[in-house]
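Since the structure comes first, as structure tokens, the remarks are kept for the end.
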């Protein structure tokens, strides 16, 4: 029984990280209708930046917030300089640009920080809590991971639901022309969408950094599982990203625990196809899809 | 209008195809006496390495270190008056690229020999090609037994000790020193891990109560470690690459699971593993989590500055490859390069490719290795064993006697070989 | 209030608006009439900045707004209710209304503006928390007009408000427009296919042929001109 | 009322073969009227060119020719699926793996002659394509991309799960195809490999060029442009989409087989997600929806990395920069080409040809005045 609890707790903390990455995919899909393959590369760069800041300044939290700010900046710059140019054209072009960006980011990281991965500090101790004789697979850092992701998701939910800025962003995402007629600067909203998404990605990078170490290619698997979670939950709904991430995290942990590590990627495929057969637009997307 | 233009497009397409293909066709044909790639004053050798991609960490340091060693030897006049030029290309640990890259080295760059091709899944794809082209394929950087068969692959030679040999030597030590203790094995799900497990099983048999594999692309190893802890393993043997040694250490620390640790020499390099654990040491030494771990060594420890080889390698590193950290991978590259230079020296004044192969088969190499090589006409495996060592305050400290054996059922015997000094064999001066 | 001089707006080679000139005095209701495809909607889109005019000049309250984008024009008080109303389904009624107030209405004035719209369209207040997708056609048109009014506009561009509505509702909407003009001296440029009801409300009428002004006169005179009526207004 | 990733309707002229327009004044060699005859002629011409090329290429360039050919085979199938039928697939690398493993097993273990093995592999992959296509036909846009992505990362897992059948991490190796003795004793192996690979490419070219012009091709385009209208016109949308998937899977299977012929290997390391992404990049870079575009894409996928590698080796840089520069150049060129030529290389070429033709026509027209 304790093994089941261990696997569940492990699934929750991994699921939270997949959810944060899924949130990044959802925010970008809602804002600019682009699947951002460079998400893994962007969060890798910001985590490298954090690592350099931490090692030079010696303070973890300075590195933490610098990474989030770098995420905001990187997202805005990528949208404004690149994605905007290909936004009007065929949708596949934007996808290919993000693939090119992914390759470029991994190469740049290799040049600046070398291909050898480096250690990344956790915010809190990773030692599991001991209850009675058994030490559980859930320590202070895992608690922080879950709280940080839930906190950021809530903050975004509040931003979208309650603030004027959130209203303008949603209007730009759903009906750009009508939004312009209400005085909304749609271009800025798209940039903000990418910036917030990239910040969500940076948070995921900070949280999973200690677990995968920081290297140019170390974040690719988490980006792939994050995208799978986003599709699972439905690309139009931030809530779907959270639930999709959790479902994926838990199921992969159980599969790896009970069936064996080699089945993990096959399990991800099976889960996604099963859900999509029942709900072709993900769990939480309304049937009414927006006409492009 | 449509028809003529579509034909025009066709014309444009085909002549452009021709131009592109021809343009790349003009390879650099090297002048050659008896074999390609070798002249009076220089010899060209090539290699395929994972410089980028998921397998790059650690392994990407090996080739630059070897190149630095050759630069040092060339600065001293090279071998038999010949400078050794090494070109290594990136295959990103993808077998399709390996085939393309190696064929380019052989057919276009016309290298004299291939040195240190890295990776079992990649090199197994080109070993047949290299043998059919009769290109010496010296010192493959992989411990798979696939390179041992001299009759099947007459031009291919291993270098590092075979994984099964390592497993046997570690297994014997655990059997003698931890009799009756339950043993758990955490291993990579490929030739490296399975070879090690086979060696361990030969020695420990039913003493192994649990063996859990991992996939290099899945970094969440918590399910495996909890299973091993649950099975009550008191001794844990890691046949892992450095990143996964670190991940296992972190998960065990998280679970408060403190078994007696043993790690294959592939995954124990204190500088690399310590570097990955640095952020978690909180003041204590980086290598706190691997303190007291048992391992096997066939080369002197990179931190043992009293050893003449380490002093030489450190000097070369500081002069030609300073940016890279001085760790086990750098030492591996330089030691393997030294053996290549030694083989080239023994191959005589004007060696053909066959002379080089014969020189290696004659064997009798001494160098930084703690144990002898196993090279014979038919047996092409490299080092024949290793010496048990433990991690004492972050350094690999050898103990007992170097042991030699074969990957099969053969007994494990003590080797009486003394480690050579830098000046011997006249290959390189300190 | 609004002067348009020799305006040209085109989709690629097709010149939907081909040299239109008209002026809308402050406080008046001007109707733009014409058959389908005469360029009525394109005219509004060119004026409100959704479409960038090829040539010609648009002046609002004396300021040249030809080159400005829709986001800036609406800030000057020129609101445009597009064809079909442009209600955002995924938002609630209140959120749609709040969206309309963002550009010109400060946070303090917002409750007052909201109350005014609810007085004008009580039905909207009942549905204020509902998603806009659950509204009927008429309610949706009320919401889109209400949203435009939230920004206290000086002038309103209305693109076929009665489109797809039952006659009773259509006249109700026309009544609201007339009522607005008395209470808030709101200037309205009304694009309408239903020429009869539009002329009843408007002071002046402009008839568009294929992208060009065919006639411009007081409503009464236009309604009386049989030849014109048959040719362009269809009654 | 579902949306899909709208891919632009390609300017009709980029399809290689076009039915001739009547009344062309200019004296020109008249290509045969019927599409089939025209395509057979074009294929024959291409075959001759490729034969000539392979004759005087050194072995390594022949290997490159074989690589370009099997990339073309896969890209042609994918550009029909994505360009013509509008379905995005990120899983075509895995489909190539199916073809490669079937060829390796059929040739390696059961000793089937090569031609039969390649045909069988294409058939097996087509069957897999039916299953994947059936699942995919219900999905649109990013959800289709997500499902095929999961397929691409899931399938290689099979190799590790059943090591006895698929050879685990090291995969399967196949002995190189021996050229028939009729071609002379020391007939270079690489040229024979290039011939086989080019033969596959030409077969696929011939089949798809005809398909483009046939009713099936039109039904693909109809479903891409407007599903509802296609349905109203009596097309069974799901079946058309599955057919498109099957056609592209067969091409991917054949390409996988040709890959095994060229590199003698079928290993999970060769069919990672990066292959699927490269295929998608190839068709968009080359020019979506056109076979010539697939050719440019194939050339780009083979020569771009090598070009960036050569450039990186020219400067002597620090090891970190040296080993990562090729990747950086590849990424930059990718982004620049897509931003500069949204319609891909073929689109840009087509534009240049049209503009130069227009300028040509404008000069004679000046006598008549504006």
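We call the chains A, B, C and D, going by the order they appear; numbering starts again at 1 in every chain.
Everything that follows uses one rule, which is that a contact is a pair of C-beta atoms (placed from the backbone, for glycine too) under 8 Å apart; a residue touches a chain by one contact, two chains touch by 3 or more.
No experiment lies behind these values; they were computed from the predicted model shown.
For chain pairs A-C and A-B, the one joined by more C-beta pairs in contact is A-B.
Chain centre most remote from that of chain C: B (centre = mean of CA atoms). Every chain gets a centre from its CA atoms, and the centre nearest the mean of all protein CA atoms is that of A.
Here the spacing of chain A and chain C, counted between their Cα centres, is 43 Å. The geometric centre of chain A is 36 Å away from that of chain B, both derived from CA atoms. Work out the mean CA point of chain B and of chain C, and you get 76 Å between them. Here the CA centre of chain C is 52 Å from the CA centre of chain D. In chain B, the residues that reach two or more other chains under the touch definition are 51-52, 60, 189, 215, 323. Residues of chain C in contact with two or more other chains: none.
Under the contact definition stated at the top, the residues of chain D that touch 2 or more other chains are 160, 320, 323-324, 326-327. Counting only pairs that meet the touch rule, the chains in contact are A-B, A-C, A-D, B-D. Per the touch definition, chain A reaches chain C in the complex via residues 164, 167-168, 170-171, 174-175, 177-186, 288. Put simply, chain C touches chain A in their complex at residues 48-50, 69-71, 74-75, 79-80, 82, 86-91, 95, 98-100, 102-104, 133, 147, 151. Residues 1-10, 12-14, 17-18, 20-22, 24-25, 27, 51-52, 60, 64, 89-90, 93-96, 99-100, 103-104, 107-108, 120-122, 124-125, 128-129, 132, 189-191, 215, 321, 323-324 of chain B are the ones touching chain D in the complex.
Interface of chain A with chain D (complex): residues 29, 35, 37, 82, 85-86, 89-93, 95-97, 99-108, 110-112, 114-115, 216, 224, 227-228, 230-232, 235, 262-266, 268-270, 272-273, 276-277, 280-282, 288-292.
Of all the residues in chain A, the ones that touch chain B in their complex are 3, 6-7, 10, 14, 106-107, 110, 114-122, 126-128, 130, 135, 137, 139, 210-213, 215-218, 220-221, 252-253, 256-257, 260-262, 264-265.
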